[in-house]
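Structures incoming, each one as structure tokens.
In the two assemblies presented below, chain A is common to both, partnered first by chain B and then by chain C.
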Partner chain A sequence: MKTKIMKNVLLASTIPLLSLGSINGFAATELSLWYHGAGNPVEAKIIDQIVGDFNASQSNWKVALQSFPQESYNDSVIAAALAGNLPDILDVDGPVMPNWAWAGYLQPLNINSAAIEDFLPGTKGYWDGQLYSLGLWDAAVAMITRKSTLVEANIRIPTLAQPWTLTEFNAALATLKQTGKYDYPFDPGLAWKGEWFPYAFSPFLQSFGGDIIDRESYQTAEGVLNGDEAIAFGEWWQMLFQKGYSPGNSQDSADRETGLVEGKYAIQWNGNWTALNMLKAFGDDVLFLPAPDFGHGPKIGAASWQFGVSASTSYPQGAADFIQFATQDRYMTAFSDAIGLIPPTKTAAAASEHYRQGAPMATFFELSAQQAVLRPVTPGYVVAAKVFEKALADIADGADVVDTLDNAADEINQDIRRNLGYGH
Partner chain B sequence: MSHSSVDHHRLRLVVRYTLLSLIALMFIFPLVFMLVSSLKPDHQLLADTASLRAFLPVGDISLSNYDKAFERAPIFLFMFNSLLVTAVTVVLSLLLCSMAGFSFVYLNWRGKQLAFSIILATLIVPFETIAIPMLLMVSKLPWLGLEGLTWGWLNTYRVQIVPFIADGLTIFLFTQYFKDLPRELIEAARVEGSSWWQVYWRIVMPLSGPVIATAAILKFLVMYNQYLWPIMVTQQEQYRPVLVGLQYFFQLNTAWGEVMAYLTLITMPVLAFYLVLQRAFIASIASTGVKG
Partner chain C sequence: MQKNSSSLTQHNRSGWLFALPGFGLMMLFIVVPFVFAIVFSMTNQRLISPNPTQFVGFENYRQLLSVNLLVLDPVSTETGELKQNTDGTLTYPRIRTFTRNNPNYPHLQGMKEWFSWQWQDKQVAILASDPVFMKAVVNTFLFVMVVAPLQGAFALALALLINQRLKGINVYRAIYFMPVVVSIVVVSILWRFIYDGQNGLLNNLLHSVSFGHLAPVDWLGNPDTALGSIMAMSIWQAVGFHMVIWLSGLQTISPTLYEAAKIEGASGWQTFRYVTWPGLKNTAVLVLIVITMQAFALFAQIDVMTNGGPLDSTQTIVFQAVERGYGKQDISGGSAISVVLFVIVLSISLLQRHFTREKK
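Moving on to the complex of A and B:
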């Protein structure tokens, strides 16, 4: 009898202990994270480290990472949204974010705005007045060339405070063409299709005074994509190819990658992600120069990949906690050091190998801080971007500038109407 | 035969073989380029593209692109996935579609012509138009497995196999081929007391080597080259096939040598499969007039 009582006592005391154990065992709720970097071992290493550190830092959440190849990432997310299978946390390309927020794939990100006050503007994804996404880096483009190239041709080296004007830039191209040393004096990069076109070339249009969409109403492209300033831009753009200053749509992608290093091009419009290679090739001779000022100030594109919280998650706070954890200086510096991306904060930049004061790529941080313009913050951007790309490709091929821009503006307006104004 | 006619005949042969060799070279050049490029470092690969060196294993030759490719992506996993999905689909497709073809040719049932017309009509429907309805459907389908009843087929092998087992083209191929088989054989077997299953399995299928080879190769190519459907239905790496895996290699600065190494590796099974079934495939083309 005594033994039986003892057994019952032991059993009774064991049950709560087991329950406690099981509570501890299941306490960490799994959060799924989708990331676009499959196939990039350097990025994978840092993301794995962030996920591992976060999981070890607390016991409430356990993030499980699933990486996708970038080329098919957006299609996978859209398919998952249709099938009701979105993860808890996902990354999103900055200009696409408003579309995903408007389509109901994302929900606002609950992070205190004071905590991200000093982040570069391009790393914060706002839509409809609310923060939806936050990036661990930004990207910037610059005119990349060699100091010796400009000095030999007696061309002024522009600065952030005094970039090239339209006249100066055109004269520089003419001078470099006359030297006969280069296949083309300027490589804007038409071999790269898709998002490169609006990201890299719409800032030229904006510097002329035009834009892809009217940013006051986001309801029309009329007057901004086909106004006088836009036509001036279109004519200048076409001139680049007609005068043989730039390789056109048939540019070989191999030339795009190696043309500057091999001396086929004198100046290349390219991003900070190639800067490490350029430094390796040219050393101290390399120059990262600001965009020319075509009349309305020098402009470059902004916003790269950012993290957001899916609309379907049951754990928005856990997802936001992870994003806040990931946006620590040490991780942003790690991405910068490993891949050459621009850290979003001054403190992260100061700690980085390539962007600290006096470092060779510090120019990009300032370019991003001073000249960056977000691509139109509207769900309709994903369509407008493709229309813009086609228009620029056609103009480069010799299409009539006015007609092409008119048609592009009409096409964008039709899409906006079809989508009832995209919620603006 | 006079000397002049012999000379004329020889000349015609020389011209014919020269032309055929040139055409063969045109088809083989891309494969040679792929293989040779997979052995070169990127800077040399890009520099060689402007000359005939692109087709020659010269310069700095090594297997390092293969090493790096294996580091970048789980290649064997992707190849296993593709081969598994492809093999199962091909086998099930051959069985199911040949049975359908048999039924259309030898059995009499009401609505046969209408059913065949509808199946033929599916040939003109592009997959892209039905992809989303199919996605919505498979994401809600039930499955009774080891873990009990579950809902939704996403992130499985079956979601990549089942929707592609039956297709209009394969049924059409079998139907056309079966129509040309001698009726007397089937009638004799029936008179001898064979069941329809015995006729199908013991008489018709053994006589259908060429069409089986053709259907198998065409289906193999379609399945092995699947891209859109897998990116829609497989969000987990463990189920991804080779063409989705190819995207792992397209980064901002694409390593072309690794791309070529990966392509070389994933092309091997296709070439091997084709070479094994080559004779039957050509025989089938000759008999049915169907081109791959």
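Moving on to the complex of A and C:
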């Protein structure tokens, strides 16, 4: 009995293996697509629709979607790459893309640059002068607060043209602290570990005039991560926590989600993905304000998840066709309407519910277009981001600013040397 | 005779056959990765890299373990007097001027300050090429030295308490054992709420017990309390497991010995000292070694609760190995840490066995 079952199982499992080869001969070629959004039904619905529409629109290719939870997505790709099992099309987080391109996981994306000319800069992933990845959306970060909060405290409401200056922002925090109404006047969000740190806070450093790494050569962090501007940034950062303006590393992640709505915080540094909730909570009273100008212009981080073509695929053209198909305005608008992401083009934005002219979140589109700075475009970013995160966490905990930044710069440089310059 | 030997080999063969799945899996998932770790630790292997792997000998270990000493003279003014700050402290030159491209101190190149102290008017600094790893080693040893005896003792106390014939004693056994079967990740998340610095359960409790006199403590956010908090939580979590081991030891002790002790008129303490404890000798060795090995592998609590912070006060060896190997894509560095940990745990287990051996 048992052997019979075994036999059946074996037979059943060999049939698809055998048929796989034969189908290729006369039907559409199957392209596998890996996506990071498992567990999000809204996202899944749109991506399913894109795949379905693409498969119906032509007869050469048949895309098969496989979704992964975001937390384990990068690990899955790395494991697949080591085992030689990469899919044909995969999505990749913008700042990680150069790392994967350098490692030979991705190949350049064959899409005419004229076709994507009016895309937001953060949605286009260039490495070594070539396009490797393209996004269906971007994300942006803003100072979220309430009009009534600022008016009551007699604080000027900043505009895109005239953001807060460093002194103005510090004064605003002091004023809000003095009111005694809030646990903390400003919540930068230290509860969110990981990529949030470099994504959300390295633009502060850049606005001060420093950076994580020298973008001329990408060979050193010396002088940019530990120069005078960076030290000024570090001291300001430490001041936020020492003066009790901001909740530190041990911030409760529940407070991060609800603190602004509950009135624990006056101003929150948060992304457009929370904007829908804030609108629901505050209605007309909500403000999405630009980052303060700390001396070198207001800056925010750019680039979110993007699609790329794996280096091992035999059908790069089919993969590129799919990506080009997916980047139609209607799909980008659909993503934006459903989850509040920023559409990459003006036309998609104009058609979207939240980002069309005069809509409450239109600020984010302008923020993204005007102030967004890519995180360092280098394969070494993955390590530099970790080092930067630890340095900022330590400074917030009261570590010596100069020593911490010096050590961080040393560690980044050492990593670059160990990787023979990361191919720059 | 003939028959005997053939049946023996026959049995042997089926024995090996039965052992094969277990052996095979252990080879594949324990021995092979371990050999890989030793090999990788001698190379510059990366998780992701198009660069070829090179043999680097003991470079990773040198990078990890180098320690050096630097004595600094205070800065003096032009007139030769010692320069004093407004608060009367002396100033010292920056350590980085010695450890960065200083031709007079080539042996200190790339090192960083681990800790330093004042000695007369000089500053003595201990430098390490990897102070974070050094802190991780110190923290891990601290953790083991506190957790191993406390957890063992608490587990024994619980085992003695529940080793009684009382109604409903099984309920207590289940309660004490419950944290063991819950995933450590879930337990860590729950304890993060308990330790929350503003309105956590523990702070609320202390607040009401002290009638508002105790200010809330940011248990996991303060370098002085973070490691202690994780120790307390870890002891609580695994104490039930060791309780069960003690319990099984207790139940192997023959009741006749207790009867004899009773007849001789032994007190409760004397019974424990001269009957129970000698009977638990082997169990004690097992519990001690198991707790020590588990404590050295401290990782999940750190990963979920503190990420090694604040200010490296909860860095541990395994957390550093994972952080380096995967987070920073440096498989060779992570492997070197694993090998160092293996050597530490092995030597301590051998020492424990030596000291707890049966003396003849």
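Everything below uses one rule, namely that the second predicted complex is superposed on the first by the 399 of 424 C-alpha atoms of A that agree within 3 Å, B and C clash if a C-alpha of one lies under 4 Å from a C-alpha of the other, contacts with A are read in each partner's own complex, and residues count from 1 in each chain.
Just so we're on the same page, a residue touches a chain if its C-beta (ideal position, glycine included) is under 8 Å from a C-beta of that chain, and two chains touch if they have at least 3 such contacts.
Here the structure is a predicted model, which is why all the values come from computation and not from measurement.
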Item to check | Touched partner set for A:Pro41, first chain B, second chain C, both or neither | outcome: first
Checklist entry - Who does A:Glu257 touch here: chain B (first), chain C (second), both, or neither? => result first
Next on the checklist: Output check: A:Ala393 vs chain B and chain C. Expected answer is one of first, second, both, neither. What do you get?
Outcome noted: second
Next on the checklist: Going by the contact rule set out at the top, does A:Ser76 touch chain B (first), chain C (second), both, or neither?
Outcome noted: first
Item to check | Partner chain(s) touched by A:Gly283 [first = chain B, second = chain C, both, neither] | outcome: neither
Item to check | Which of chain B and chain C A:Gln414 touches, first, second, both or neither | outcome: second
Next on the checklist: Taking the superposition on A as described, I'd like to know which of chain B and chain C A:Asp183 touches: first, second, both or neither.
Outcome noted: second
Next on the checklist: In the overlaid three-chain picture, which partner chain does A:Trp100 touch, first (chain B) or second (chain C), both, or neither?
Outcome noted: second
Next on the checklist: Let me test your reading of the model: by the given contact rule, A:Thr274 touches which partner, first (chain B), second (chain C), both or neither?
Outcome noted: first
Checklist outcome for this item: chain A positions within both the chain B interface and the chain C interface are 75, 252
Checklist outcome for this item: chain C contacts chain A in the complex at 44, 46-51, 96, 100, 110, 112-113, 193, 196-198, 218, 220-221, 223, 307-312, 323, 326-330
Checklist entry - Any idea which chain A residues touch chain B in the complex? => result 34, 38-41, 66-72, 75-76, 79-80, 82-85, 87, 252-254, 257-258, 271, 273-274, 277
Checklist outcome for this item: As the complex stands, chain B meets chain A at residues 43, 46-47, 49, 71-73, 132, 135-136, 139, 152, 154, 227-228, 231-233, 235-237, 244-245, 247-254, 256
Item to check | Interface residues, chain A side, partner chain C - complex | outcome: 75, 78, 81, 99-100, 102-105, 183, 193, 248-250, 252, 255, 382-383, 386-387, 390, 393-394, 397-399, 403, 406-407, 410, 414-415, 418-420, 423
